[in-house]
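Have a look at these structures, which come just after this line.
First subunit A sits with subunit B, and in the next complex the same chain sits with subunit C.
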Partner chain A sequence: MQWLYARGLLLPLMLAWVTSVAFADDPKTTAVPAPAPTAVVAAQPAPPTPATPAPPATPPLTAAMANKDHTTADHSRFEALQKDFKSGPEVTEACLTCHTEAAKHVMKTKHWTWEYIDKSGKKLGKKNVINNFCTSAISNEKDCMACHAGYGWQDKHFDFKNEKNVDCLVCHDSTATYRKLPGDAGHPVYERKEFPKDSGKFVEAADLKMIAQLVAKPNRANCGSCHFYGAGGDGTKHGDLDSSLKKPGKYLDVHMDAQGLNFSCTTCHQTDEHKVSGSRYEVTAVMTGNAHTRGAKDDKNPASCQSCHGDKPHQQNPLLMGQLNAHTDKLACQTCHIPEYARGGVGTEKSWDWSTATKMGPEGKPIATKDSAGRRAFDSKKGTFVWDSYLIPEYKWFNGDMNYSARGDKIDPSKTVNINQPEGTAGAADSRIWPFKVHRGKQAYDKEFSYLLNVHTAGEDETALWHNFDWQKAITAGMASAEMPYSGKFDFVSTEMSWPIAHMVAPKGDALACAQCHQAESRLKGIGGVYMPGVDGNKYLDMFGWAAAILALLGVIIHGALRTICVSRKKRGLACQRW
Partner chain B sequence: MLKVIGGFIAGIVSVLVLAGTMMGSFMFREIESPFTVEETAARIQANIQAKKDKGWSLSGLRDPVKPLQAAGENALPVLLIEACSTRYSGPMLKDDKTRILSILMPCTITVYKKNDGKTYVGLMNAGLLGRMFGSKVGEIMAEVAADQASFIAFDPSKPAPPLIKGMPGAGGGAGKEAGGGC
Partner chain C sequence: MSAVVNRIYLYKGYERFWHWSQAGLIFFMLFTGFEVHGTYEFWGFKTAVEYHIYAAWALLVLWAFTIFWQFTTGEWRHYIPSLKKVDAMIKYYTYGIFVHAPNPYQKTTDNKHNPLQRLAYLAVLSLMSPLVWGSGLFYLFYGVWQPTWLGGYLPLDVVAFVHTAGAFMFLIFIIAHIYLTTTGHTVFAHIKTMITGWEEIEEEHK
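Then we have the complex of A and B:
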């Protein structure tokens, strides 16, 4: 028993020692009982703010200046850019003196139109869809257009044909000083401004001349100024896109690793006449064949794993490559290679419940609370939020098509409304098992007309929900802007929105292991359409197999025992029958 | 006689194998938490701070995944909450016979996520461990075990407290103020 006790003590002691050594940041700290915790704790996200392009503290102009070495044109020497620009459109006008066709290109893209027409002719895009987050841009344009590649869209009268309204700088600013704030209808900050209101924090006016002279190809921060902060805060919407990707480590994304491959967004999302490939409305869920070859004509989507890796990407381990490559006709690459999303320390929003919005604090005033990690948990303006990080995706068969609900589509309020529904057939050649972030929520619907409601949320006017906290006024104003009837009766319905996960690709050593799918508690349990060893089986066949194995084992044991007895009997001179 | 001795030895071996296999589950406890890793850790921290009357204070919060990330690898989140009570550590640190137990200080509670997406809390079985070192340590560790149980008693009706990253009193090292570390 002494040995047992000693061993029992040894185990935890060894574990404690191994843990302290293995987990120490610095060997020196192992001798210090309580190292400074702030040095080792995960970086926590900045408090979410309304949709706000990148918030820099100090302009990283060194990087911007260095970028000049990689271009054949030094924009600071261009005569058209020597002006002290007073507005964004003035800059665009100057850009267009040389880049004469650029605005025409941009105007054909979703970054300008915020509209997409699907195969069935249904009008989608931000202009037409009620999403699961801020719901709708209509009647809230002055805020939402902080992420429009244009200037001045504040209502339905916006001039989509005026080339000067195209915002070149939001994508081509290399100084990280160009900011567009909610409330300015897509214009940058022209005068020093307190933001958020009453926060005591100020955003400096953009130096348009300097920014225009230092334009460059888009970098991760340019795309991220909107795509990292979509839905009103860092990491809120996508789950696989947040500010941690501005300068990620290899663990977070092998392609964007700032010390490694350092891909920008456009390395994969290659553009043609300003049209960016790889839109979520045009997902390439399945691609077969070899990788694209430089110089060869190929019209396949460059923003796909296969465009570089082909459909037989596993070549290194001869023992495993055949088996791994055999998975590519059923699984998207992302399924194994993005085992979890929201891994950068920012986290992502799992749900947004609008039904609790307008609830006030104990003193009858609006309140806002945060969760333990400092992320928004409740806001009287917006409702209740749930956040988490390192999330396990949900898996669905997907063929690249999404069935969206658009404004005015009828809903069944007794069921969860799918804002979008990935299409695909289990086991079909045109579908693969994809990982998704599924965002859940509750939002307002018309009890009589049975459709989701367009709510006027943003603004300082008397009908804005975030100003007056009156649902009726906000819905009435929102529906009037959307030119849709409203019965005057509303309630809240559960909603879901699915986001395919394609970023935050982990190093190959961190890809899903066999057992994470091929076991009883498989991640892919219930996916259907494919036979999964370790998960699926036939009860009777399994029983027969086990019975055969047990009988075979018994046979070996009995045979061995009889042989042993026989040898023993022979040694004693007794008779023994041969077996 | 040979059969009796053989049977006895076989019995001993079986017990030892069984004990060795199950030692882990005796020495450690794992419970599921309904909250995220951060919120679970924050609630444990708040519970520890509520035990000031027993001398408890927070002495550290570690993220052992950070070094792994710096090396380019991933692991699901883990937070190690370190806490100490001078009321319990003092008697053990003053005695040569038990000073070696300082290797277990500060008291660590681990909060982590598993592949099922759920959050778990891991604790050392302080009561059992204490009994291995005689009555004096046994009594101390029994009290530690009782306090530990209160650390992981969550009240969902209370709002989520913020995760404390800078350790109050610890000042980045041991015992800058009373109870800051052990």
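Then we have the complex of A and C:
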């Protein structure tokens, strides 16, 4: 009896011991083990936004737990990481003691080199191209290289061979407290500082030890810390990438839906040896065939819709003979499935006119104004901006080749300069109709040499445009950095840049309806290369056909009228032959 | 004066079912088809396309049965063209009909169609239908042939052109066809025959 009673007590005690051991790693759950479902839920939420960094005193445990769910290594127990790191390179050094090849991999990627050599041998990449926003990174490295996956690129003397300069944390920070600010040449914040200047807002120093101990696979906020803020502000550059994608609803992106599929960027942009697939410099505009099968040999771009969905993804009544699937020979998936971009409430920049930069306010001082939605409208440093949300893309035939203007390419100032030009042939098998964000603007060019100018904008020195508001000095300095001649004469030319839209994929119910293209007010009006029922048609056939039908109708009416007259004449005893 | 002297059973049950269901489908397909073509908006493009395709399948099934019926019953012989009395029929429709000349042709169970009818229906069967159906099937099966070598040679514009041209021909045929139903001994006599199957044979009193 007594033994049985003792056993009755023993069992719950044993259970309690087992559970406490099972959850012992988790400092929060030593006393009362959290039930399993809570742990699963805790893994779900997207990390907090870097805009409001958590105070370092309370490490964000959710991120750490999420990390532990998927990895066999608890970095907080690694000896190499039990150190009060003073700088980013010190952390990298520690990472490389185990991940011996990681830096070598990163150094081969565009995230490191900012250079890409296209099929024709032309040197592209952020190091060489001009864009339609801040125009060029060269001579502005200290600011721009906040988004370089490295430490210390502040001029052309940066050491691309030093492995310690590779920044592991910008991609692998799971705490959302690691921030790299303009002006620091890619270094994180080592000392608490006010940012933006004179804003009264402060960015805390990064707790490198904690961040290093909690490293994880990249999540949306990691990639987003640069790719959401391209061109220096949330949503500015892409339109289909902005901070609203940190925690999007299903409406905004059916795959990244935080409560649903919750894809990270790398779910599609699969990486191999740190090389991230799906580059804008190597766009896969056309993909045919079935979805990728696990285990099958396949070198197709994984960052494509078709790699998961195949090229016949729509299920319809079989009697309709796959009418929707038949569209995939002309349309990119994105054309119907991203009916509008910039849908997250952040908006995106439609144009940037540099020609009004250096204009001062009424008191002769630089001013900055905002539009009704609080987005930048004018800045004496930068010029005039136009922003908008819920934008309908512009559509172009695209074969994946983007013809970029690199520094020094000749331009025709009498025309709008295409900073980049999507290549493609209307109706061709190697091209599809793609949606684009087209960003328009005005940029400085050399009136004598007819090329776009490299302007030294950022910085605190006397030649920086944003410091002294002198175009001549800024251009002279910028061109000297780029090692290119400048005639001394500049003016502004209209420019335009096209960005293929591939994110913010709407749920299928929000995809384009047929009639949005197949009617007179078609989105694809004038696109060419495809016959669109409801829009196109041979107008001569229509004229001839309707004319013939009307003549036939008139013919039978006249014939019938004559018969009626004859019947009535006959009733009155008159013959019809007489008339 | 004329008087009904005889009644003959001209159109059998299946034939009448075929005629009216085909008539309904053709009207429906013209209506949906011209909406797909962009001539007007009624159901909306998507619905119009789907209805048009469903109707096409229904018509194909109807035709499958009808072709079977035509050959098993020997009714196909009514579509063998004949030039005999064609001139007389043309003269009748352009002149005689106004002066109350007798119809040179009398329908019998062995000869349901007058020579002009035979020619017209033969044109429908051998010219217009292949045009519309051929192009329609190409349209419907676009996803099948477009990726093959044929896709490089046959633009959808051509398919659509032929299909639309065929649609106009059917539209014109229908206008004439409906008008000619009024040329019986009363305005609705022919339609009545097509509904009941019974043709009232009249005889002209001298």
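Some observations on this one:
Basically, the second predicted complex is superposed on the first by the 473 of 579 C-alpha atoms of A that agree within 3 Å, B and C clash if a C-alpha of one lies under 4 Å from a C-alpha of the other, contacts with A are read in each partner's own complex, and residues count from 1 in each chain.
By our rule, a residue touches a chain if its C-beta (ideal position, glycine included) is under 8 Å from a C-beta of that chain, and two chains touch if they have at least 3 such contacts.
Being a predicted model, the structure only gives us computed values, none of them experimental.
Once the two complexes are laid over each other on the shared chain, residue contacts for A:Gly488 go to neither subunit B nor subunit C. Counting residues of subunit A touched by each partner, subunit B versus subunit C, the larger count belongs to B. In the superposed model, A:Lys250 lies in contact with subunit B only, and not with subunit C.
Once chain A of one complex is fitted onto chain A of the other, the partner contacts of A:Val535 are limited to subunit C, with no touch recorded for subunit B. In the superposition on chain A, A:Gly361 makes contact with neither subunit B nor subunit C. When the two structures are aligned on the shared chain, A:Ala548 is found in touch with subunit C, with no touch to subunit B. Contacts of A:Asp510 after superposition: subunit B is touched, whereas subunit C is not reached. In the superposition on chain A, contact is made by A:Ala520 with subunit C only, not with subunit B. Across the superposed pair, subunit B and subunit C touch subunit A at no common residue. Note for the complex: subunit A touches subunit B at residues 4-5, 7-9, 11-13, 16-17, 19, 22-25, 32-38, 40-42, 44, 249-252, 257, 339-340, 343, 369-374, 377, 387-392, 506-507, 509-510, 516, 521, 523.
Note for the complex: subunit A touches subunit C at residues 288, 317, 319-323, 325-326, 329, 513-515, 518-520, 530-531, 533-538, 541-542, 544-546, 548-549, 552-553, 556, 559-560, 562-563, 566, 570, 575-577. On the side of subunit C, the complex with subunit A involves touching residues 36-38, 41, 44-46, 49-50, 53-54, 57, 97-100, 140-144, 146-147, 151, 155-157, 160-161, 164-165, 167-168, 171-172, 175-176, 179, 182-183.
Interface residues of subunit B, counted against subunit A in their complex, comprise 16, 19-20, 23-24, 26-28, 35-39, 41-43, 59-74, 76-77, 79-80, 82, 103-106, 108, 113, 115-117, 124, 128-129, 132-133, 159-163, 165-167, 170, 172-174, 180-182.
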